[in-house]
Amino acid sequence: MGALQLQGLRKSFGKTEIIKGVDLSVQDGEFVVFVGPSGCGKSTLLRMIAGLEDVTTGTVVLDGEDVTNVAPARRGIAMVFQTYALYPHLTVRDNMGLALKQAGTPRAEIARDVDRASTMLALDPYLDRRPAELSGGQRQRVAIGRAIVRTPKLFVFDEPLSNLDAALRVATRIEIARLHRELGATMIYVTHDQVEAMTLADRIVVLRAGEVEQVGAPMELYNDPDNTFVAGFIGSPKMNFLKGAALGDRADTVGIRPEHLAISREGGTIPGTVSHVEKLGGETLVYVRTEPHGLLTVRLFGEHDFAVDESVGLTPDATRVFRFDASGRRLR
Amino acid sequence: QDPVTLTIESWRNDDLGIWNDTIIPAFEASHPNIHVEFAPTAPAEYNAALNAKLDAGSAGDLITCRPFDASLELYNKGQLADLTDLAAMANFSDVAKSAWQTDDGAHTFCVPMASVIHGFIYNKTAFDELGLQEPTTVDEFFAVLDKIKEDGTYIPMAMGTNDQWEAATMGYQNIGPNYWHGEEGRKALIAGTQKLTDEDWVAPFEQLARWKDYLGDGFEAQTYPDSQNLFTLGRAAIYPTGSWEIGVFRPQIGDAFEMGAFPPPVQNAGDTCYISDHTDIGIGMNAATAHPEEAKEFLEWVGSPEFAQLYGNALPGFFPLSNAQVTLDDPLAQEFISWRDQCESTIRSTYQILSRGTPNLENETWNASANVIRGTETPADAAARLQQGLESWYKPGEAAQ
Amino acid sequence: MAARRATRWHIAVFLAPAVLVYTAVMILPLFGTLNLSLYRAEGFVGLANFRTLFGDPHWSEQFWNALRNNVWFFIIHMLVQNPIGILLAALLSSPRLRLAAFYRTAIFIPTILSFVIVGFVWKLILSPIWGIAPSMLQAVGLKFLFQPFLGQEETALTTLALISVWQFVGIPMMLIYAALLSIPDEVLEAAEMDGITGWSRFWKVQLPLILPAIGIISILTFVGNFNAFDLIYVAQGALAGPNFATDILGTFLYRTFFGFQLQLGDPNMGAAIATAMFLIILAGVCVYLFAIQTRLRRYQF
Amino acid sequence: MAARSHPGRTFAAHAILIAYTLIALFPVWVIVINSVKSRRAIFGAPLAVPTPETWDLVGYTTVLENGDFFGYFQNSLIVTVASIFFVLLFGAMAAFALSEYRFRGNTLTGLYLALGIMIPIRLGTVAILQGMVAAGLVNTLTALILVYTAQGLPLAVFILSEFMRNVSDDLKNAGRMDGLSEYAIFFRLVLPLVRPAMATVAVFTMIPIWNDLWFPLILAPSEATKTITLGSQVFIGQFVTNWNAVLAALSLAIVPVLILYLIFSRQLIRGITAGAVK
Amino acid sequence: MGALQLQGLRKSFGKTEIIKGVDLSVQDGEFVVFVGPSGCGKSTLLRMIAGLEDVTTGTVVLDGEDVTNVAPARRGIAMVFQTYALYPHLTVRDNMGLALKQAGTPRAEIARDVDRASTMLALDPYLDRRPAELSGGQRQRVAIGRAIVRTPKLFVFDEPLSNLDAALRVATRIEIARLHRELGATMIYVTHDQVEAMTLADRIVVLRAGEVEQVGAPMELYNDPDNTFVAGFIGSPKMNFLKGAALGDRADTVGIRPEHLAISREGGTIPGTVSHVEKLGGETLVYVRTEPHGLLTVRLFGEHDFAVDESVGLTPDATRVFRFDASGRRLR
C-alpha cells in the first residue's frame, strides 16, 4: 500500500537532461520531503512519479508493480500542483468533490468528506465560490483539499503551503502530519520551507541539478551532512563556511552553523566587525565581516543589540564544526 | 486614331470561342475603327449581374437581350436604347421582332439574333437496330416508346425532373403547341378567351404524365446534364429537346452513333403540326454607352445577312431570325429548320405578357410540369393551379400592367 | 471604471477602422436596400409590401414553406454538424495524437471547396444514373436502400442539409479545437490525477470550459443557415425543387430580389423578405447576446 | 505522452478519425480522379481510377489555354490575403475594444457590428457598385478588398471578442504596470496570445472570399482583375458545362487555399505551444 | 518621489466589502510590509494602489497627486504579481525587457539592465526560454526581474519569494533590501514570511479582514502589540495565550511568546506533559499540554531531548508577558 521505488529515473526535455538518474526507495507510509534549489527538478520528479511526465529511461515501481507506463489516473496518486490547477468552472465544493463523484461515491459521503476537508482548511465560507473569486492562499487550500478528500495510497504535494500565512501554514502543516498518521498513506512533499521539511519528514531527499545528494532523517542531515551542498542547504540561516587554512585546520573548508558561533564584545578566536543586525523578535541575526572568511552569520536567541561597525570576536563551538575537503566532501 | 472598344454583355459563355475566333474577326476586318470584346457571364447570374451593372452605370456597350419582359423592363427603365430606326430592322419579320418590342409594337430595342426549335432527337442507330420508325402521331410515339422499353437495351427517353425546366421547356412547351394550335391558342390565352383549364391546355400535361413510365430509374434526381449524357453516351434512345443541342451533341457523340430528329407528334395522322420556334436571343445597345455611333454600326452588322450566315453555321441549332436566305451546313440543323415549312411556328406560351406578375406563370409551369411527370400532381390539378395563379393578377385586356 | 476617468480615446481608435469600413461598405448599402421594402415602383407605400408578403396567400405560403424548411435545415446542422464537429475536435485535441495535423487538414478540405464542385460531386455520387452511391450500396447488398434522394420531396432537403454538414463540419471543428487547446494543460492533468479521463474528462472538464465557443458556433450556425443559399441554388436551382421542398429563405429571397428566368427581379418585395429574414435572425442573435452569452461563464487561463 | 495514452482509446480515436476522414475525402477523391479523365469516362464510370484509355488532361489544358490563369490566381491571392489582413487587423482591434473595456454602448456596438452577418451582403450590390463607380474603383482589386473586408469583419469581431475574453487580466495588467499603452498591450500581448483564434478567423474569412463569384463578377470582371473563381465560370455554359475544365480549374483552385490553410493552422498550433502560464 | 497616502479606501466585490476603509501614509523611500491572514485583502489593496482595481470610495495619493483615476501605466509603479503574470509568448529576456523597450530605452542599455537583473536572480541560463519551460521558482524570479529592471518610484510586491528555496530566498531578500537602499524607492511588500517581514520592513502593516489592525516598526509590533490578533500574528511560532484567571492575573488573557517560556523537568509554575517535539536543528519546539491553557509551545535554542508524555513544568518570563482584556485589547 504505497511503497515506491524509483530506479535509474532520467528525464530530458529536448537535449537538456533535467533528471539525471534518480534511485530512491520510499517505504510504505513514509513521509518523504524533497528539497533542493529552484529548478533542480523537484516538480519534474514528482510529475514523473504521478505519471504526468513520461520517463526518458528508468522505472517507477509502485507497490511492487511497474507503473512506468500506467496512466496517472490508474496509479491511485493524488497530487497538489504548484500552480493549483483548479477547475475554473466549478465551485470550491465541486472542485473538491469531483474525483469522488467520478468514482461513484454516494452523495452524502462526498458531502461529508468535502465538509471535513473544508473545515480543516478554513474554507467553509468559500464553498460556493469559484476559483477566480478566491485569494491566492484560498486557492492553494482548495488544491490541498481536493487531494485530501480522495484518500489515495500516495500523495504528492508540490509546495502546498507556499502561499499560506504563518498561522494557517502551521495549522495546515499539522493537519497534513495528522492526515499522514491517520491514513498511513505514503507522502512525497516538495517544499522550500526548512521548518516544514524538518518537522514533517521521516526522510529528506536533497536534490541538486537532477541528482540526489543525500537522503536521511532531518536531524541526520543537520548533524551529519555528506558535503558542503547539503550542509549549506539544510539549516537556516545557512551554515558559515570558513577557510580551514586560516584557522590552522587540516580541512580545506570548515563549516559552522550560525547558532554554533558565539559572539562577544571582547575576546573570541575570529575578530571581525558587525556589518548588519536583523532582529526577528525571538532571535537576532548578526552579520559579521571577518578576514579572510568574509561575512559570517551569527544566530542569537532573544534580542541583542549590536551597533553596526562595532568590533566583535567570534568563537566557534569546536564540537559542532564540520570539515570538508576541497571538493566539498565531508571529512569524518 | 485608336479603335473604339465595345464590350458585349452576354449569358452565352458557350459561345466565347465562336465570337473570338469567327464573328469578331469578321466584323473587325470590315470595321477597323472598332474593337469588340465579348464578355459573357455564367447564365444563371446574367440577369442579376446585368441589372446591377446597368443600375450602377458600369455595364458594357452592347447588351445581349433575353426575350420579352426582361428586356422590355430594361427598355422601360431607359437602359436599352430605342433601335426602331436601325436600318437593319427591315431584315426581320414582325414575329421575329416581337420578342423585343413594346407591347404595342411601336418600338423595337434589340436586334433579333436567333431562335431555337423544339423537337425530339433520337438515336438513329438504335432505332435501326430495333427496327423503329420516326413516329408522327402520339399513338405511334408511345408505341415506339413501348417497344424500346420492352427491348430493355435503352432507356426509352432521357429526361429528369431535378432541374424542372426540362419538364416545362422540353416537355410541355415542346408537345403543347400541337394541342393548343400554336399561335391561336397562345393569343387566346393572352386575350382571356381560353383558360389553362381548357382541354387544349390540360392535354399536354396528360401526355407528360404518361412519360413517367419511359424515363430512367431515379429520373426524379436526374439533372439536365445527366439527361444530355444519358443520350450522348448512347444509353437513351429518345431525347426531347431543343435545336441548341445539335452543336453540343455533335462533338460529344462523334461517330458513336447517328442522330435523327422528329417534330412533336400530332394527335391524329394528318393534323396540322405546330412547332415551338422560339425567339431566344437578341442584342441591344446600352443607352448609356459612350460610343453610340460605333455600337449602332455593330448592330447594323448583326442585322446583316453576312452575320446571319456566319452565326447560323457557327452555332448549329441557333437559327438566324433574319429574312435573309441562310444555308446551313449541318444536316440535323437543316432537318429542324425544314419543319418551319411543314408546320406552323409559334413561340413558348408563357413568355409574352403572361409571366409578368406574381405568381410567375413560367416558374409555376416548371414546377407543375415536373410535378406532373413525377406523378405528385394530376394534370387537372396542375392546370387549375396555374390558372388560378394567373387569374390572381392577370386581367386580360389590360395587358400592359 | 470610475466615471471621472479621462476620455479613453483608444477605444475609439480601436473601433474606428472596423466601424468605418463596415458602415460605408456594408451597412449603408444594405440598409439602403432594406429601405426599399417600404416602397413600390410608384413610391412610398409604408408596410404594404409586408401586408402582401404575409397577407397574400401566394407570398405567405412560400414564405412559411421556406421558413419551415429553413428551420429543419438548421435543426439538422445543430443535431449533426455541431456534435460531429465537437467530437472530432475533442478527438483531435487528445495529447500527442499522431497524424492529428493530417486528420485536421483532411476534414477541413471540404470546407475549402467551392459550391460548384460540391454540388457537382454530390449530384454525381447520389445520381441514380452514374451511380456511385447506388453501386456502393449494391456492393454491400443494400441497393434497396437507394432512392433518388435529391429528387424526392421527402428526402431532398435532409439530403442537402447533410451535404452541407459534410462541407462545413470543419468550421465548428476548428473553433472548438482552438477553444480546447486554450485550456491549460495543468487543469487537464489535475483531472487526470483525479481519475477523470476520456469521456468524463470531456464532459466534466473540457465541455464546461468551451461552452462559450459552443455558444458561438450555435449562433454562427443559426445565422449561416438562415442566410444559406448557394448549395441549394447550385444543386436544385433557384426554384429549389422538387416542388419547393428545398426552398429556404435564401433561395426565396434570391428568386424574388434578383428575379429568375422570366420572373423579373422585384427589389421591393425582395427587400421586404430580406427585412423579415433580418428580423428573424436579429431576434435569434439578440436572444443569444442578451439571454445566453451574458450567462455563459468565461474563464481566463 | 507515451506513458499517458491508452492503446484502446487511441485506437478508437484513430478509428473514428479515419472513418470521418474517408467520408470527408471520398468526394474530393472523386473530384480529383475525374478531373484527369475524359468526359465520357467521367459519366461512364465516375468511381473508376483513370486508366490509360480514360486518362485525359483535356480539362487542364483547356484551363491553361483559356485566359490568363496564373494572372487569375495572382488576383485571387492578392485579394484574399489583403482582405484577410485587414479583416484580422480591424476585426481584432474592434474585438479588443469590445471585450476589454466597459463603456456605454458596448453591447450595442457589438450588436451593430454583428448586423452584417444577418443580411446577405449581395443585397447591397447596387449601392456598393454605385459607390465603387463614384470612387473610380470599378475593375480594381481594391474594390474587392474593401467589400471583403467589410464582409469579413462581423464574424471576425464576433469570434475574436469571445476569445479575447479568455486572456488573463493579470497579464494585461502586468503590461499596464510595465507602462505599455493600450495599443502596445493589444499588439504585443493580446494579439500574440489569441493567435489560434486569429488563425481560425483567417480560415473562415478566406474561404468565402476565395470562392466568391458574385463580387468579382460585378465589381471587377475585367480580364486584368478576374479572380480564379470567376475565371472558371467561363466553362459553365447555358446548355453545356465543360466539366473537365471546371473540375480541373476548381481542383487547381483548391491548392492555394489549402496552402493558406496550412499556414494558418500552423499558426494555430504555434499559438498554442507558446503556452499560457497559469 | 514615491510618497503614498491612502485615504478611506474601500472596495467591494458585489455586495461583499473586502477593503473596509484603509488609511495609511507611506513615506517616500519607506519599506512597508503588509501582513495578514490569507484572504484579508492584501492583494486587493496592492492592486488598488497599482490602479488595477478600481476604488469603490476613497483616494490614492501618490507624490501629492490624486491618482485614484489615473491609469496604472501612468502611475510609475512596478508590480510583482502573486500569479507571476508572465508574458507566455515572450522569452525571459523579452519579458524583462519589454517595459524598457516600450519606453524607448536604447537596446544596449536594455541588454545591460536585463543582464544585471538576471545575474542577480540567477536567471542567466534561462534567458532564452519561455515561461512554460521554467520551474515555479524560476518563473517567480522572472517576475521579480521584470519589476526590478524598470527602477520605478514605487514597487509593489505580492509575495514575491514564496516559491523560492531558502538560499535563493535569503539572497533575493538581501538583493531587494539593497535595491531599496540604492534606489531609495518606496516599496510595498506583501509576505507571509515572518523573517522577510521582520528583516525588510521599515514598518509593518497588519491587516485583518480588510482593516488595518496596527502599523509599526517590526520590533515595535513584536514587543508592543496592540491586541491579541497582532500579538498572535507577529512572531513565529505564534504567541501562547494563557487564561489569566488560572494564573491569578487580573487580565483576561495573558500572552507569552514561546521563546519566553522556560521549560524544566522539575518545578515550573505551569505543570504539563510533553505532547510533541519538533527539532529544527538550530532550535527545538516543544509542545506541552497543560490545564487549563491547552497546548503551549516552547521554543528552545539548540537541540533538546524531551520524551513524549514526559511531565514538565513551564515558567513564563514575567517581564515579557502581555496582558489583554476579554475583547483582545492590550492592557498596558
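Worth pointing out:
Should a chain be cited, it is by its letter among A, B, C, D and E, assigned in written order, with residues numbered from 1 in that chain.
Note that a residue touches a chain if its C-beta (ideal position, glycine included) is under 8 Å from a C-beta of that chain, and two chains touch if they have at least 3 such contacts.
To keep track of the chains, here are their UniProt names: A, E = N-Acetyl-D-glucosamine ABC transport system ATP-binding protein; C = N-Acetyl-D-glucosamine ABC transport system, permease protein 1; D = N-Acetyl-D-glucosamine ABC transport system, permease protein 2.
Please read these numbers as outputs of a predicted model, since none were measured by experiment.
Fewest steps needed to get from subunit B to subunit C, stepping only to touching chains, is 1. Among the remaining chains, those touching subunit C as well as subunit E are A, D. The leading chain pair by number of C-beta pairs in contact is C-D.
Rounded to a whole number, the gap between the C-alpha centres of subunit D and subunit E is 54 angstrom.
The distance from the centre of subunit A to the centre of subunit E, with each centre set as the mean of the Cα atoms, comes to 20 Å.
In this assembly, the C-alpha centroid of subunit A lies 53 Å from the C-alpha centroid of subunit D.
Subunit B and subunit E have Cα centroids lying 92 Å from one another. Each of residues 83 in subunit E touches at least two other chains.
For subunit B, the set of residues that touch two or more other chains comprises 229.
For subunit D, the set of residues that touch two or more other chains comprises 1-2, 4-6, 43, 125-126, 168, 181, 236, 243, 275-278. Chain contact summary for the complex, subunit C toward subunit B: residues 58-59, 123, 126-130, 134, 147-153, 233, 236-239, 241-244, 255, 258-266, 269. Per the touch definition, subunit B reaches subunit D in the complex via residues 11-14, 16, 39-43, 45, 49, 52-53, 55-58, 224-225, 228-229, 233, 244-245, 248, 252. Across the complex, subunit C meets subunit D through its residues 1, 8, 10-11, 13-15, 17-19, 21-22, 24-30, 32-34, 84, 87-88, 91-92, 94-99, 101-118, 120-122, 124-125, 130-132, 135-136, 166, 169, 171, 174-175, 177-179, 181-182, 184-185, 192, 198, 212-213, 215-216, 219-220, 223, 227, 229, 250, 253, 257, 270-271, 274, 277-278, 281-282, 285-286, 289-290, 298-301.
Listed in rising order, the residues of subunit A touching subunit E in the complex are 13, 35-39, 42-44, 82-83, 133-138, 141, 158-159, 162-170, 192-195, 198-199, 218-219, 222-223, 232-238, 257-259, 278-283, 285, 299, 301-303.
Within the complex, the subunit D residues that touch subunit B are 39-40, 43-44, 125-126, 129-130, 132-133, 138, 213-214, 217-218, 221, 233-241, 243.
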